[in-house]
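As written, the chains take the letters A, B, C, D and E, and residue 1 is the first residue of each chain.
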């Protein structure tokens, strides 16, 4: 018995949701970053699933690029966090609201 | 298995190659020729942008798809390239001053600007969702960094972090949307998606609809449409002014470019559905942007809200989903580059290190002290407010005419009422400049030939396009997507 | 192509402004002279329009047409007919006067004169535009310099006043922009041709329901500008705060742009809607006449009083426009010119005493007639012109308007005629309190009488006041053909719409917004 | 018709107008620099010349046959719009000729008088400018050949009246009186304008000749339109001619220099209303109702004003009320159809009232500006010429034969009796009684009895200079003999004016036997009766002011209330203030402070404020927290997705 | 059967670990959970016949990227963030977020379940893929059809490198 691809999609959806909620509820910038990685992974899963479904490689290629980008984003994101930490000694996103209204 | 590497159509990606190389060259120059004054880098970049512009110009003609249909050069993308290159050129000219003034004169700045420009060009010419995504990311990542470029300033850090977190968050939605589109159609190629949808009458496939909606979130974020606009004021305020200027012009235009291409080409059958959504978004965006701008005291923040409002106007043209609307967007975005960058240029000129003078009250009595700056600023403000004979009016006129011609009268009425509201805060700048007494000593202007050139270009564009827009309108009309 | 006289007259001020731009701002005297020379040049150049005007044709004369933005069918198309001729002349005339009256401006003369000249171009352009887009551009263009003039050289509450002026006017005119676009679109749907050309678009037969909405949009733009009751509240503020020349131009020309707009656009484009709106507009006009007069009566500030009197006067103009007969319309147009002269004159005179005493409060004056007799004479003449004394200009227009109104509706005419009583009340009361009685305020004792420059300012106006009052024929005869043509055009289109109403076909209704679907 | 100069003098009619205007212009522009006597000469000479031309015109007109006595001269089209044309044209016919003769004649005398009276006033040239301008306007009024041009004159005289009443503008009462005169007149003009409009709408022309000729075609007797037109015209007339309810300005107008009162507020301007009604007699006869109204108002005013005149102490005010009363007579005549009689009385009234005013002026002049009769008395000796002329005037106004007033007043009473009814006659007769009484009261109080003057005033009392006395004498002559023009037996004026007064309104029974016939007996008995009434009045006055000077105070004490009411002119001014003026001003304040500033402007500013408040509120959503922003993005996204999926 | 079992087990682990990432207070634990999530995901990729991706997932993602994360966490020396313990200043944030999260999940679920997956069937059936080899296939596509994005990706990484450097490098002087 093969698993229906829909299940993978549901799995991907739940992963995506968890990631999204993570972004919303966590205050640690690093964890938010990780939550975003979760979401990206969810997207990857969806792509791979669809790729399997359609019997085309485009999805997997896409995933490849997403991973590249995720790495790049992670690097830049962490650099930003580091730069911020140097100035403010905190990575709590709730503390960085000089600019508002 | 054999791999035959297909022929490279280098001609079609020549501008991209050129600008990338230019970025790298600038970086190398910075590393290897420490002695060179930093202005040289700006000069080099500017030159590169100019040459790229010339090459872009030579590409005009019928659409050319290259690299297995992942990239396309057509008049539409070429027009957008003009917009990007123009904005980049002006921003580079502005930056030379600003970086020096703020003490962040690093060569990487120009490289990143050029890379971001490249990303935008990629977006405008993307024929495949993968290219869209990559272009978007190159642009975004460069911008994240640029926003945090003043590393030792907390505002800059905050700006970068907010931009980054929200940008990445939005990207996830965008990607999920792309995944769903891929899932529903089995392809990532924009044209093939369209073919699939038309052939299978998959207009009401929930996956496609949801995919499209998620794309709206992703692009809406970049376009600064309500309710995805919230990053804009904070990021604009905190980012270095030259970067803010850059962000307000090119990337936004790029987002519109890609949005238009994706939605007009690949999802035309869903016009009914998303035109309603965009209708509401456009109305909200205009209104929120304009209304909240009134209460602002920081000029950059005010311009941020104003840029949200302007996104609303452009969205209105998107709603019409007509070639007229598209042409009006092209024209408007170009005009917006001139007037908005011009305003930022003035802001830069009036600032000095550590004291950027960003409160609107800091401009009290400017008209007495620096009359020319005041006049120039007023022209940009009037143009942004859409008052003839400046280009901003022409742009708005074009957009409203598109809306009316497509029958979106209520939206047009909301639009014009908004532009009346906007007059209030644009006027306030002229009010403080001319009708209030100076409350502080004005520092000498930080002028350099570069920024003067930037001002001249923007002023020229703002006035010329207001009075003799014919040629550009013609160009815009020719640059409308045909398939 | 013959000599482009309209273009030259219209853009000469801009050229002057550019000239001034390159002059050292400390050479104030020279700047003023250049501005004056430019304005006078423009006025002199415009005089041939009057003398060479062909009385026999309703066609637009001195036309010039150059394609401008081909993509939208926009062209630089200008020309005048009898209706615009006098407003055009009035504008170029009042500009000279206004610049001369600005001689006492002390600060930032250069900017002031530039603003003034640009303003002139904008106003002149409004009256000659035969292209809707061009019209709109000029219409808005003149906002900026006016805004600056009030805002920079105005009184203590100038910022409030100028922003109110700007935004209020703008609010109306943007709706007009949409209506213009709608007309353009309708024509495009009908013929497949892009054009904003007024004369071409006149041929358009707009369906009645659309007419209603479009008329409303134009109505707001023009009614605010006029200003009709109850859209008038920006006017007192703007007038009070504006410098003298600003008030003169504001009252003399800017307000006329609204009424002119009704004549030039609302009537011929929307005859059916115009007829439908007659009761509303007439009532508002009548209320304006009476209300403006009553409120003017109790004002303590001279300029405010004159401002409210403008509301009253413009009520007559509006009333005359919407009676659809030749007397009413000619009277209205004449009244526009008259109001420009008399109210402009009043503002000038008030400006003169303001310069001497730095107050405009009626209570601060009294008994000036003894101190400054020449001034008093001029003030009296202009006051009576404003009251509408027969033999002076105000009467001719007012009477024709009343006549036209009376022919169609006795009630409106009767109510409007009460304005005749009220105008005497507020004007004479003001005059008495300012000019007559004992010279009680010591500060008034060293006021000087008119100097030579002030003579030069006020004398031409007074001469025109007499001339038009006694021999208005040169003006009316030039109006005749154009007005007749306009009315017959309106009438024909109106009948056509009424006929079609019976067939009830509405093929041109604009497609609705998706929200409606 | 050619005359000795080879052409008709009628063509010179334009000069009658132009001369006074020229005088006004010259005096107005250069008067300040000219010698005062030159100014005076210019003023008088222009009017004098105008009078001469008028006489020539009159003679020329007489040489025409009665039916052809209509000469029109058109100069240019003043207003021409569509079918509406108003031509700047003059019309010479018997009526206007009578009027220009009176205007220029009496005007000339008053000008001459003014030279002396105004001597030494610092605004001398201004005075003559105004006076000439007035004459011009008045002539324009009577010469105009259409309603609209007449209206110019109509307003022009109003303007001059305004200027001259407020001539001493430093006096608040003077400037207020001028303003009041103009505004009250404007109320009348309101009616006049509407009447002109209605006439144009009805007749499609405003030309007198055309209107009157086509009246039968356009109007039926008693129709609403006819009534409306005539009532509106009459409203105009009540304003100008100071009739109920618009008479209040005239007594106040006495603030002006006395010659002005003589010229404007007695002889000429105030009778313009009468002139206008007579001019439009063709229209008035179409509406019996209007005629009745005219008669009632006229009669009521005559009586009403006379009662006030009984108790006034200001010499000029008494004369003013008497003027109001006399004009009431004229309207009474018009109202009963005696248009010619009205003109006749107008003319005689011009003579004797001008005389009386000038005489009072002479007295005031002599007393250095004192106007209160209680501070006069016994002036007969000191001002003999003035006294004599004044006496003639008083006799004339009282209606003692053979002075002018007797004839005209008697005619009016006769008309009132024969064509009207007993009530009209009663009104007139009672008013005549009162007139005789208060005029002689005035005479007695001023010239007879003991002097009640202040000592220092008394010391300086002197007879007026010659140039003031000569006009008095001339006018006295006219007052004495002017009445014979209307003597029924040889009614020159009747036959002269007959062509103008188309349908009816001839004097007495000598109108060619067409109208109803009045018996000689009736006529003579009426004459006797009216003379008797006058005599009774005089006797009463004599009794009260010569014989028993304490009587008036006693009577006043007995009828305190009535006396007080009369003394305060029935409180009409106060009533007007309370019912019209103050409410208007109060409501204006209300409109301004509340409606305009609070409601309308409040709305405008409120909209702006609302946007600002929204702005302040909406910006709070921009919390500055990243997570919050992300949440709103998610929220927006989900809403969009749900809408797209399920709702659209 | 084994496949199903594997799916269920790995799926469960993945979800639990993902939850751990989000709800774990200590960021270092979050990172560890994330790694575990990624590894589980790699297994699923294998189940979906995407071996290359699975390998990359483990090597690049769970390996390189997560090492970077852990490195930064260590660098900043914030194994425990006090703020996370403190009261959330955005009072309704958590509740609303979870509500919207559930809503999002519901919508995704509905869409997924309602959709009939159709789409153009590609040429790469599992048979064909296994014939050529997944990795080869990816490589081939990257160098033919996707050569352009592939090259572009290099610039992306370049830009990211420069960016990270400029932001994080110490002592940059003009």
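We adopt the following convention: contacts are C-beta pairs under 8 Å (C-beta built on N, C-alpha and C of every residue); 3 or more make two chains touch, one makes a residue touch a chain.
All values derive from a computational prediction rather than experimental measurement.
Colleague: Considering only chains that satisfy the touch condition with subunit C, which of them also satisfy it with subunit E?
Modeller: Chains that touch both subunit C and subunit E, as defined above, are B, D.
Colleague: If you check the contacts of subunit A and subunit D, which chains show up for both?
Modeller: B, E
Colleague: With centres defined from CA atoms, tell me which chain sits nearest the overall protein centre.
Modeller: C
Colleague: Can you check which chain pair, B-E or A-E, has more C-beta pairs in contact?
Modeller: Output for the comparison: A-E.
Colleague: Would you kindly say which chain has the C-alpha centre located farthest from the C-alpha centre of subunit E?
Modeller: D
Colleague: Suppose each chain is reduced to the average of its Cα coordinates; what separation in Å results between subunit A and subunit B?
Modeller: Roughly 26 Å separates the two chain centres.
Colleague: Just give me the whole-number Å value for how far the CA centre of subunit B lies from that of subunit C.
Modeller: Distance between chain centres, rounded to whole Å: 42 Å.
Colleague: If you average the CA atoms of subunit A and of subunit C, how many Å lie between those two points?
Modeller: Taking the mean C-alpha position of each chain, the two centres sit 64 Å apart.
Colleague: Provide the C-alpha centroid distance between subunit D and subunit E, rounded to the nearest whole angstrom.
Modeller: Roughly 103 Å, centre to centre.
Colleague: Can you list every residue of subunit A that touches 2 or more other chains, as numbers and ranges?
Modeller: Subunit A, residues with two or more chain partners: 9, 16, 19-20, 23-27, 32-33, 49-50, 53-54, 56, 58, 61, 65, 69, 72-73, 76, 79-81, 83, 93-94, 96-101.
Colleague: Which positions in subunit D are in touch with at least two other chains?
Modeller: Residues 608, 619, 622-628, 630-631, 634-635, 637, 641, 645 of subunit D touch two or more partner chains.
Colleague: Provide the list of subunit B residues touching at least two other chains, using ranges where the numbers run on.
Modeller: 130, 134, 137, 141, 144-145, 148, 151, 160-162, 165, 169, 180, 183, 186-187, 206, 210, 233-234, 272, 276, 295, 424 - these are the residues of subunit B that touch more than one other chain.
Colleague: State which pairs of chains touch, listing all of them.
Modeller: A-B, A-D, A-E, B-C, B-D, B-E, C-D, D-E
Colleague: What residues on subunit C touch subunit D, complex-wise?
Modeller: Residues 164, 167-168, 230, 232-234, 291, 294-295, 297-299, 325-327, 330-331, 367, 369-370, 384, 389-391, 395-396, 399-400, 402-403, 406-407, 413-414, 417-418, 420-421, 424-425, 428-429, 431-432, 435-439, 470-473, 476-477, 480, 484.
Colleague: Which of the residues in subunit B come into contact with subunit D in the complex?
Modeller: Touch residues, subunit B against subunit D: 161-162, 165-166, 169-170, 173, 206, 209-210, 212-214, 216-217, 220-221, 226-228, 230-231, 233-234, 272-274, 276-277, 281, 288, 291-296, 421, 424.
Colleague: Using the touch definition up top, name the residues of subunit D that touch subunit C in the complex.
Modeller: 76-82, 84, 148, 151-152, 154-156, 159, 162, 166, 169-172, 174-176, 178-179, 182-183, 186-187, 189-190, 193-194, 197-198, 200-201, 584-585, 587-589, 591-592, 596, 600-601, 604, 608
Colleague: Note which residues of subunit D are touching subunit B in the complex, please.
Modeller: Result: residues 608, 611-612, 614-616, 618-619, 621-622, 624, 626, 628-630, 632-633, 635-637, 640-641, 643-645, 648 of subunit D touch subunit B.
Colleague: In their shared complex, at which residues does subunit B touch subunit E?
Modeller: Within the complex, subunit B contacts subunit E at residues 1, 3-6, 8, 13, 20, 24, 27, 38, 66-68, 70-71, 103-106, 108, 111-112, 115, 118, 122, 128, 130-131, 134-135, 137-138, 141-142, 144-145, 148-149, 151, 160, 180, 183-187, 192, 196, 200, 202, 205-207, 210.
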